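This structure is in structure tokens; I'll ask about it shortly.
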Amino acid sequence: MSAPENAAAPEPAPAAAAPATAVRVAGVNKVFETRGGLVHALEGIDLEIAAGEFVSLIGPSGCGKSTLMRLIADLDAPSAGTITVFGKTPTQARLDQEYGIAFQQAGLLPWRTVAANVALPLELHGVASAPRKAKVEELLDMVGLADFADRYPDQLSGGMQQRVAIARSLAEQPRLLLMDEPFGALDEMTREKMQSDLVRISAETGAAVVFVTHSIPEAVFLSDRVVVMSPRPGRIREIVPMRLGASNAATTDAAARAARTDGLREDRSFFEMVTAVREALHGAPVAAGARGVETR
Amino acid sequence: MSAHLTPRAETTLRIVAPLAVGAFVLGVWQFLVSVVGISDYLLPSPASILEEIVASWDSIVSATLITGTNALIGLVVGTLLGITLAALAARWRAVDQMSAPVIASLAVVPIVALAPVLNSMFGADSQFGRQAIAAIASFVPIFINTLRGFRQTTPVHRELMRAYAATPGQVLRTLTLPTARPFILTGIRIASSLAVISALVAEYFGGPRGGLGSLISTSAASSAYARAWAYVVASIALGLLFYLVTLGLERLVLRTRTIQPDRTTGTGTTSTSTRSTTSTTVSH
Amino acid sequence: MTDVDVRSTTPATDAAGGPPARGIRSGGSARSSRRGGSLARRRLAAVGWGVLGVLLLVALWEGYKLVAPADGVLIGETRVLPRPTDLAMPHVWDMIGRLGEPVTRSPSAQALWLVILLAALTTLGIAAAGWLVGVVVGIGLALVMQRWRLAEWGLLPWIVLSQTVPLIAFAPIVKSWGSRVEIGSFEWQDWMSVALIASYLAFFPIAIGALKGLQSPDRIHEELMQTYAAGYWATLAKLRFPAAVPYLLPALRLGAANAVIGAVVAEVSTGLQGGIGRLLIQFAGQASGDPAKAWAPIFGAIVLGLVAAGSVALLGAILKNYRRTEEAA
Amino acid sequence: ACSSGDSGSGGDATDDSALTPVKLQLQWLPQGQFAGYFAAVDQGFFEDEGLDVEIIPSGGDIVPQDALANGDVDYAIAWVPKVLGSIEQGANLTDIAQIFQRSGTLQVSWADSGIDSVADFEGKKIGSWGFGNEWEIFAAMAAEGLDASTVQIITQDFNMNAFLQGDIDAAQAMTYNEYAQLLETVNPDTGELYQPEDFNVISYEDTEGAMLQDAIWADTERLESDTEYADTTVKFLKAVIKGWAFAAANPQDAADITIAAGSGWGPSHELWMVNETNKLIWPSDKGIGVIDETAWDKTVAGALSAVNEAGDHLITEEPPASAWSNEYIEKALSELEGEDLDLTGADWSPIDVTLEEGGN
Amino acid sequence: MSAPENAAAPEPAPAAAAPATAVRVAGVNKVFETRGGLVHALEGIDLEIAAGEFVSLIGPSGCGKSTLMRLIADLDAPSAGTITVFGKTPTQARLDQEYGIAFQQAGLLPWRTVAANVALPLELHGVASAPRKAKVEELLDMVGLADFADRYPDQLSGGMQQRVAIARSLAEQPRLLLMDEPFGALDEMTREKMQSDLVRISAETGAAVVFVTHSIPEAVFLSDRVVVMSPRPGRIREIVPMRLGASNAATTDAAARAARTDGLREDRSFFEMVTAVREALHGAPVAAGARGVETR
């Protein structure tokens, strides 16, 4: 599954997605009707994401990354094609709370304390007070914000807010995490720290992750596979498998990811992967020589 | 949630829906009066009101002109005063704080309380008292909105002007006023129908006759309710006219842009909430 | 004048203007380096300036009376500045002094201020009832309009239009229809007509403000609730109502001011006994012989409005956690 | 109106529930103009007749005859011309007692203004309250060949400031109220109260415009179909007569009663008002409340001739015969015949009232 | 002048700054009084920027970069120390329009067209209509937006808006450009493009530039010297001279910068500079080996 897939030549869709498949997107089109006319946001998208796999979506602005993620989350419906999430329809998956989600903006409710924000999904699904409290504590510990439980969002820095949002998205131990540029609004240094945290957390929880980003190094650092998209209409141009960290094997599981550390950022193979994604993105080899650096 | 509508369908529904509601209400009203037989005496039927509108057309037009003129003058004066004082209050905090209790009082004082006093002060033989009341009534929302508008200039813009060593006059002209413009217009729109209703209500409390207010009261006093309602319809139409004109003005000016939210960071400032309908203080 | 900050007492007349811009930290100039000062001191200064403003108005009034020509200032035929006569502009001290005297020479007469106070309390009670009705109706309408866009499109223009109707044309009809309501032991009282008319003015800003507030949650928050598969009511309770608080508070305050205005108008219109409105016409009728007396109910009406609006502001203090996005003034 | 006989049915057989509830709509705030009704309540005259009368004041916009026509109240006090207008609009009402036998309306101008008759109105600013109180002016002017467009009508508010400050040349005033307001005001030139000599007073009673004023109105249909209501009407009128007779004999007490009933006027103004009101009622040759057909016809003629400045007529045709009836008042008078009451005011004479500053 | 200066050991301040000096900051402190107490934003800042030199300020959030820039621009006054701009007081320099300025937010006036926005400073300073028009055209050409002169800001992408802001800051041909994270809000690809543009433009105009950024590669790519700051109180930790592009000599002039192209991003020396700055920032060598990559 970590073998490079080319969107132009999709593998035939199996009748039913195996439970090991977290997300199956088959032949998905999405067209928006606007005042200015029709906007083809996505066209012929085929993508399969294994359970526990970390997949990044990268591509120029407007290529449909967010749209694809929203379709998976059942926040919108495809114009054509089918999507299954753990073998269910997206709607069913949403109702079953199969996924957690985080956006570019943390989207915390400003009138709730940090703890109450993390507790929100649990509260909505009727988790009793005591286990809820315990869970929230555990989550805040995980994101390193145990001391800030009673603060309000406006008293936190952007990075801390984003960590709260991630804790919230993990509250119900989803098997799938959807993240739309969750670190886009953070400054560089905070961002780097958050990436390491996310690697750790996703390893701990073993969830599959669909991660939208603009940053090549970020995608490379985090992912098992990077899906490179092209705009208007949004298509998958290439899927670049990452061969980083401990495991080089076809099994892209959480254990492999756990081995991913900050040191990796200075690994030779890291630069190579960055170059590979960069080239996929620009549609052609950028230049020859000792490269592999995304200067941004 | 709600099904997705094409933009065209949405535009159509936005027009059709209120018309349908209006037609429904009028229909029920007419039905109650003419079929169910609720007394036509206090609540005339839409049809008989329409008849009266036709019958008293000339007098309705001249009454509407009188009240409309008073409201317009009041609105213009209130606008000028409101903007000027808001500019002073925005510039000097002391002015702001000193005017605060007075403005707060003006915002809660009923017109019925002021009308007789103003008539005494300015004379019952002129329309001035009504115009003054319309001016006071429109002054309040315009002042408040304008002041808020004047405070919307973003730090980036203010620092830019400072970096350009712009004079206070230049800052006002090129930054503060354009920034406040949508707010001022919102204020004027809110004030518009207020001005009409205030000018009209003021007629109940003395002054030359002939306006809509005095004709409504005279007609009602002699139980000519259909005629009274005909004047009421005219006054609603007048209020609506003021509202729509100022709304149009607002839309026109807003066509040339205002500050947009910054898509990339999500931290941009939206300039105003002007697009949607906003409220009115109504004082009688 | 409980609170002299315009932004907090004067209803932001545009209820829909709603909460001010989010507190965006930009540059350094959002915070001021010069204005240190404790909060309490700033409050005090604001009150001081407010008092000064009132004193200035008093000085202006009396100064004008001193210097103005007896017939006021006329431009052409139009008098643009008032006549300074004691009939038109009584001395400030006369107006204040009059408050301490009995209403009439009748041996049973109470002091004027007491009469005004009692009447103001009566009107306050009626206005409060009207306000409550306005809150229920306004929020109810807002809920309906928020839930169904078609309802919003169909109703909102009429709600706006409703406020261009000269209410006093209605007062007798409301009173007349009300007097026919009799359900079991419940019998319609005249004050209820007045409260109903007050609610007609009060509901409007509340409906508009509540609608804006209920519609105010960021898309991201709405979608978040959607991903939690939260239903309509859960979303309402956990998201829409809390998010609406910053919009609702000014709307409720505006509604309170409007309710008072409406109650006074309706009292004048229907002649209901016991309230400020009644005193307004009664004392206006005595203004030729006793000009200062006519101002007493005017002051009463103003204080009443400020108290009503101020009480709602108190509500804002209780709900301060729901207003965290509002800019600290 | 339920009869007094079914007192047992409710189970709450208190004395009160035995009384027939009656609502009387006044045409303004409580004041001496209505002293007779308040006196009848205070002195228990209504109760003696088995009635529990609630007196309902009105405000700026309440039209008493409409409250009656709508069935909100049982009887209403209103000026005859205004009700004639309402009758033409479809109200079905009957004048059952013409309490005021003459018009109390004045048009007051300054002594030096040269306006001492209706004919002098031409080209002047004429004050009126509107609200249907203006028809006498138009009728009087019509008799002088003036139409409404020859003067400028200015709406007066509740006081005489507009006149005092020269905004209007001639102000409408009731003998019992606004005229007194003038005499309660300090003349800034003398420092003393204004005196009657300072003013020219035109009384509409002396003009062709004179119209009948405060009358008691009842619902025509109910009078015809509801015998209980008809009975109640007579009882009601009997108590009213006693009330007014009381006010005639005891103006000071009547004034005090009115103040206690919620009038906001001071004692001197109140007493003045009761006294002047008495002058409009007494003497009443055929007995208080009996409608004088000539006066009625004159009112109707005036109403027919009056056209306001908007060109609207008050009425365009003769009112129906049901618009007035002496049946009930005469019955009431005859039932009171034996009692020690002066029903015509033959022995009545006005008192002297000294007005004090401010009407307080 | 391009020799590394250490803030801890400042060179003695010359009595009068030579005209070749664009900005001289000597012993500057800045303390803010806030509700929470005093905030020491800057302490003992000494810095000299030569005419035509490109200097970046980098450091963690809150270290006082913006504050320093605002002091130079006379948007605020230092609590202690002196600043001169071309030998004048900052106020005089501001009144003389010696500098152009650009912020993270483009700060365009939304009710003015692109052309009118660029024309704003010229208009304010009474430049006649004809030369103004010519100048605006020239500037828009320079930033590649000649076709968008009549558009309104909201019709432009973020990158285009920022280019308009830069054109505006150049309108009066200032000898000094102050830029506070001007590309902070842009996405990666746009940002890279804008950097190249800025290099070109600053070379063309020969202005000295003070550039605030969070991104090490950006600072390295653009600058002659990178000033690395440390927070609370804001101090200059190190000034790292860049030795990129054509010239390695002590003269850091515009010509040297003009030679800086995109290819540079993949130059060996580039990575070394990035590493150097990274180490200065982190306060210690990050790790040994083939590094020099700021992954962000």
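Each chain gets a letter, A, B, C, D and E, in the order it is written, and its residues are counted from 1.
As a working rule, contacts are C-beta pairs under 8 Å (C-beta built on N, C-alpha and C of every residue); 3 or more make two chains touch, one makes a residue touch a chain.
A quick note: this is a predicted structure, and the numbers were derived from the prediction, not measured.
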Moving only from a chain to one it touches, give the least number of moves from chain B to chain C.
1
Going by the contact definition above, tell me which chain pair has the most C-beta pairs touching.
B-C
Farthest chain from chain A by C-alpha centroid distance is chain D
In whole angstrom, what separates the CA-based centres of chain B and chain D?
41
Taking the mean of the C-alpha atoms as each chain's centre, how many Å separate chain D from chain E?
88
For chain A paired with chain C, centre-to-centre distance based on mean C-alpha positions, whole Å:
51
Between chain B and chain E, what is the gap in Å from one C-alpha centre to the other?
49
Two or more other chains touching the same residue: where does that happen in chain E?
70, 75, 103, 105, 187
Among the residues of chain B, which ones contact at least 2 other chains?
42, 116, 120, 123, 126, 154, 156, 159, 204, 220, 265, 267
Shared-contact residues (touching 2 or more other chains) in chain C
26-27, 29, 83, 87-88, 168-169, 172, 176, 268, 277, 284, 287, 291, 294
In the complex, chain C touches chain A at residues 23, 218, 220-221, 223-230, 234, 238-239, 242-243, 245, 321-322, 324-325
Chain B - residues contacting chain C, complex:
2, 13-14, 17-18, 20-22, 25, 42-43, 89, 93-94, 96-105, 107-114, 116-117, 120-123, 126, 128, 140-141, 144-145, 147-148, 152, 154-156, 158-159, 186-187, 190, 193, 196-197, 200-201, 204, 212-213, 216, 220, 228-229, 232, 235-236, 238-240, 243, 267, 269-270, 272-273, 276-284
For the complex, which residues does chain D have touching chain B?
60-61, 63, 65-66, 69-70, 82, 85-86, 89-91, 125, 127, 130-132, 134, 152-159, 161-162, 165, 167-168, 308-312, 314
Touching chain C in the complex, chain D uses residues 28-29, 56-63, 66-67, 70-72, 157-161, 164-165, 177, 181-182, 184-186, 188, 259-260, 262, 264-268, 356-360
Which stretch or stretches of chain C touch chain B in the complex?
1, 4-7, 9-18, 20-21, 24, 26-27, 29-30, 45-46, 49-54, 56-57, 72, 77-80, 82-83, 87-89, 148-150, 153-158, 160-161, 163-169, 172-173, 176, 201, 204-205, 208-209, 212, 251, 254, 257-258, 260-262, 264-265, 268, 277, 280, 284, 287, 291, 294-295, 297-298, 301-302, 304-306, 308-309
